[in-house]
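The structure that follows is given in the form of structure tokens.
Naming follows writing order (A, B, C and D), and every chain is counted from residue 1.
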Amino acid sequence: MEDSDPSLWFTDTINPNFVQLHRVRDSVYSGKTSFQSVQIICTSSFGRCLVLDDKIQSAEADEFIYHEALTHPAMVLHPQPEAVFVAGGGEGATLREILRYRSVQRVVMIDIDQEAVDLCRRFLPMLHQGAFEDGRVELLHLDARDYLARSNDKFDVIIIDLTEPVQGGPACLLYTREFYSLVRERLGPKGIAVVQSGSCTLGELHVFTAIARTLKSVFPAVLEYQAYVPSFGGPWGFTLASEEIDAFSLSPEELDARLSERLAGNLRFYDGVTHQGMFCLPRYLRQELDESKTVITDEQPLFLS
Amino acid sequence: MEDSDPSLWFTDTINPNFVQLHRVRDSVYSGKTSFQSVQIICTSSFGRCLVLDDKIQSAEADEFIYHEALTHPAMVLHPQPEAVFVAGGGEGATLREILRYRSVQRVVMIDIDQEAVDLCRRFLPMLHQGAFEDGRVELLHLDARDYLARSNDKFDVIIIDLTEPVQGGPACLLYTREFYSLVRERLGPKGIAVVQSGSCTLGELHVFTAIARTLKSVFPAVLEYQAYVPSFGGPWGFTLASEEIDAFSLSPEELDARLSERLAGNLRFYDGVTHQGMFCLPRYLRQELDESKTVITDEQPLFLS
Amino acid sequence: MEDSDPSLWFTDTINPNFVQLHRVRDSVYSGKTSFQSVQIICTSSFGRCLVLDDKIQSAEADEFIYHEALTHPAMVLHPQPEAVFVAGGGEGATLREILRYRSVQRVVMIDIDQEAVDLCRRFLPMLHQGAFEDGRVELLHLDARDYLARSNDKFDVIIIDLTEPVQGGPACLLYTREFYSLVRERLGPKGIAVVQSGSCTLGELHVFTAIARTLKSVFPAVLEYQAYVPSFGGPWGFTLASEEIDAFSLSPEELDARLSERLAGNLRFYDGVTHQGMFCLPRYLRQELDESKTVITDEQPLFLS
Amino acid sequence: MEDSDPSLWFTDTINPNFVQLHRVRDSVYSGKTSFQSVQIICTSSFGRCLVLDDKIQSAEADEFIYHEALTHPAMVLHPQPEAVFVAGGGEGATLREILRYRSVQRVVMIDIDQEAVDLCRRFLPMLHQGAFEDGRVELLHLDARDYLARSNDKFDVIIIDLTEPVQGGPACLLYTREFYSLVRERLGPKGIAVVQSGSCTLGELHVFTAIARTLKSVFPAVLEYQAYVPSFGGPWGFTLASEEIDAFSLSPEELDARLSERLAGNLRFYDGVTHQGMFCLPRYLRQELDESKTVITDEQPLFLS
């Protein structure tokens, strides 16, 4: 495949009343694993994209926003992140961001779908950038919940980088109070968990607010934040959970200083000012978070309609 | 590529106010040759499709209608077709239909775009079905007009199976009075030419009527007919041109008898009754043909849209 | 509303893998009656359109094809049509065509949906052209099957101009063997019924072939024919049913002569040659008709998927 | 028009490779004024929307975000806003936000397109909420630049709420250095101007960065900020310009206190924390702002592609 394809479009049904069309240059791969459908397409706007069950997960042009937003707040707020656990994150870009930290000695990454990970390794080198080869990484293809339930290890940072909960999808029982209790048990003393938490667009907030409420039913300290990811079609929500945490304990300047101590080079999206902006949510969003009552449990899991 | 791709669509802009969307299972190939863009896609409705410059040329599911409609009326109305010339027809399916006739001894096929033909040979075996390997075929990659201008050969049937004339496209000077005069010179005594003549949908008739009028400025006998090809989004027009010709000289039964003499097996679309139906155009279409004044010339070529 | 609206589109989902987009200049009306949703839109390609339950029923630009194809074969093949019955046909255009015949003395039209008919009378004058005001018309808003079951009247021509059978829609029990038996009883001695019979596009033939088969289970003589209606997105099927009928009993010239005896002026679509073309179906279509086994009954009605 | 219309879509072409489809319940109005095309549609996701030249300007569901983001930072940072000038803002919602301030004594609003304003007054009462009737408002239909050039009045806050600069559109010469110089002259001693500044999505930043750079060529103090507006398909940029200004001179708590002094009730989007978030732009965005060199002038105006 050599050139652009001007009349092929990928349709992303944000909701039944709102659809986004991305012009496609190339369809690189299309198939089904045991767990989900996988497509790798190249869109004109966003470059090569990983699409799982018809939703764009990572796009070459803007994945840096998502992966930096997911990884760095927890890594920077932790006093000294050495052992990190990742659930999901098959494209390897979360791994890539974690491995920037000199302090990191061990990363356990559990992604249940080995075929999907293999496809990412083969077709999306610009995303993982060789992260899977790093000697600090232990990559396992298991159920992340099973693994945590059986493990006695403690982690400084736990990153939940899962696809959204769709009925019958692989991630349903990884969004519940029971799972988050397990996460809390596996965190070290100053440990921080971060959960990718879905859309935080007005009118689409039910997943985001339910995840936050559920985490609050388990953790003493929970902090929500957002970042706008163009290829996701809106701002995206994230949630930090810990025993004790304050997003604004460091000034933007102190945060920049800590970043340059801990890792080499600059990030593209994240720094002290960006951090400040991410954690200052608009009033209507803070209100919806306050008002949410939904606690997700194994008995009453949440599905993205 | 293993499986269906439910959120990829091919858009076919029939006109600025009317667009057709075909769900795509696979994008098999996408590139540009020296002459045109080539895509090979697999749509859910029509199977594998050849797309040139963003227009579907042949679809696995219904190409039999187009290629039978293009080839057989001329081949059946000719008393004894032995030497056949094809301009265009790169996918090899017109060739396939011609080669069914036991009487055929030589087919010269000229398609200027060798890369496109090679892609069809590689990716569309269900279309050519090995026709290119038949010993009676001479395949050349030249300008068809140049070839006819320099040749002294005579042909019993000449089939003009070209893409529609788009500005800068390879086919512009193969739709003019001057080219049709050359075609007339190269026909044997009872020779018949047939020209694929574009859409014959109400409101989209300008190419069809202009081709017919232009042929009438060159040939004494011209007959228009149509067949509905679903993947083209409407009925398609064809034009026969000769020194003398009558579509209804044979009854449906006589035509069926002639077919079974001349070739083995049955066709899927074409037979005596189908022939009768194709040549009986609706009243409004006959009127538009009568009223058309446009003669296409080298100086004033016609462009689609 | 004064002017064109370049970014509004009507989507017509022909099937889950094939969608047509029509640019909309105006949305004239949108609502729900007790029986169905009704929209009246003005598309750039086809002018003002009646849309019932999301399907285009009649478009200003090409309804003449549909309504002439539906009405005239039966009216012309009947020796002397005086009493005509119409089931459905709410836009009044079938009525308009029937009323052209000088011999017609009485038309009973039954359309169950008075609100829809009133909307057509108000917003679609170019379709009915005042037909509802003609003194020969009796318009009733009842169930057509009930009416025929209770009536003792005989009709020369019965025209079934109903929307396609969708689950829960008003027309489900008007496509069954039981209903067609009732139609047969209400026809006069040389009476002819005609049924609009859905798409006859390759791959979409199940409604058309089932209606034909069902009519054959009731009537001794059944004849299928087609006409291409651009706004319907393909060729459309119709079926004639009678005690004895032959589509080709009149030559095109004789048919033209009969038309000019029976009505004033020319039609735009229909005449002797057009008639000939409509009844000569392509080979694959005749084969699918031959092979169909589905008889629609009250117990096993047919639904358009 | 009574009910939903499930198959009508508004297409918003964000760029040639990215299109958004909004399901439309109703097309309320569609026409052309002397200056632009005006549509008023009701989408399923966003309620009633004003669409000018095919771009959504204000949507019932989320216009509060845009209008609060545009109006309140300037109004709150000014020590005592009494006289306010608005260029554009035809739907009256910017006016509505300004009039909340008890200190405001006079608002001059200039929108060149009287027909468009009249349509908004008639069809979009939920947007203006009667603002046009307030005795403090002077509404004029002139060229805003002409008016400012001829006026000697000084304003505390000047709000530039114009459609984006499209070739031949009404707003082209209201985005240039020369216009901004005029704005600077008409500001009172502590006056603040705010300019709606287009998309600030990654890859779509050229208008936003050029407006900021142009304002910096005129004003000593310029501050960029953003808010995410779902119906606009991405985060939206705004720019404050003044002689001296500091977005963070007030803490979130001080800002909330000032708001409750100055106006009654709560806003939905804007408050102290939201303010903080809006002015903390992500790193890549600050870099693109720093690197931009484009100064828009009367001789070299900027057009949105």
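Keep in mind that, in the parts below, a residue touches a chain if its C-beta (ideal position, glycine included) is under 8 Å from a C-beta of that chain, and two chains touch if they have at least 3 such contacts.
The model shown is predicted, which means the values in this text are computed figures rather than measured ones.
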{"item": "Contacts common to chain B and chain C (chain labels)", "value": "none"}
{"item": "Between chain A and chain D, centroid-to-centroid distance (C-alpha), Å", "value": "33"}
{"item": "Separation of mean Cα positions, chain D and chain C [Å, integer]", "value": "53"}
{"item": "For chain A paired with chain C, centre-to-centre distance based on mean C-alpha positions, whole Å", "value": "56"}
{"item": "Sequence positions of chain B contacting 2 or more other chains", "value": "9"}
{"item": "Chain contact graph, described as a line, ring, star, complete graph or other shape", "value": "ring"}
{"item": "Chain A partner contacts - residues on chain B that touch it in the complex", "value": "1-13, 24-27, 29-32, 37, 39, 41, 51, 54"}
{"item": "Complex contacts: residues of chain D adjacent to chain A", "value": "9, 15-23, 43-45, 61-62, 65, 201-203, 227-228, 230, 233-235, 252, 266-271, 273-274, 276-284, 286"}
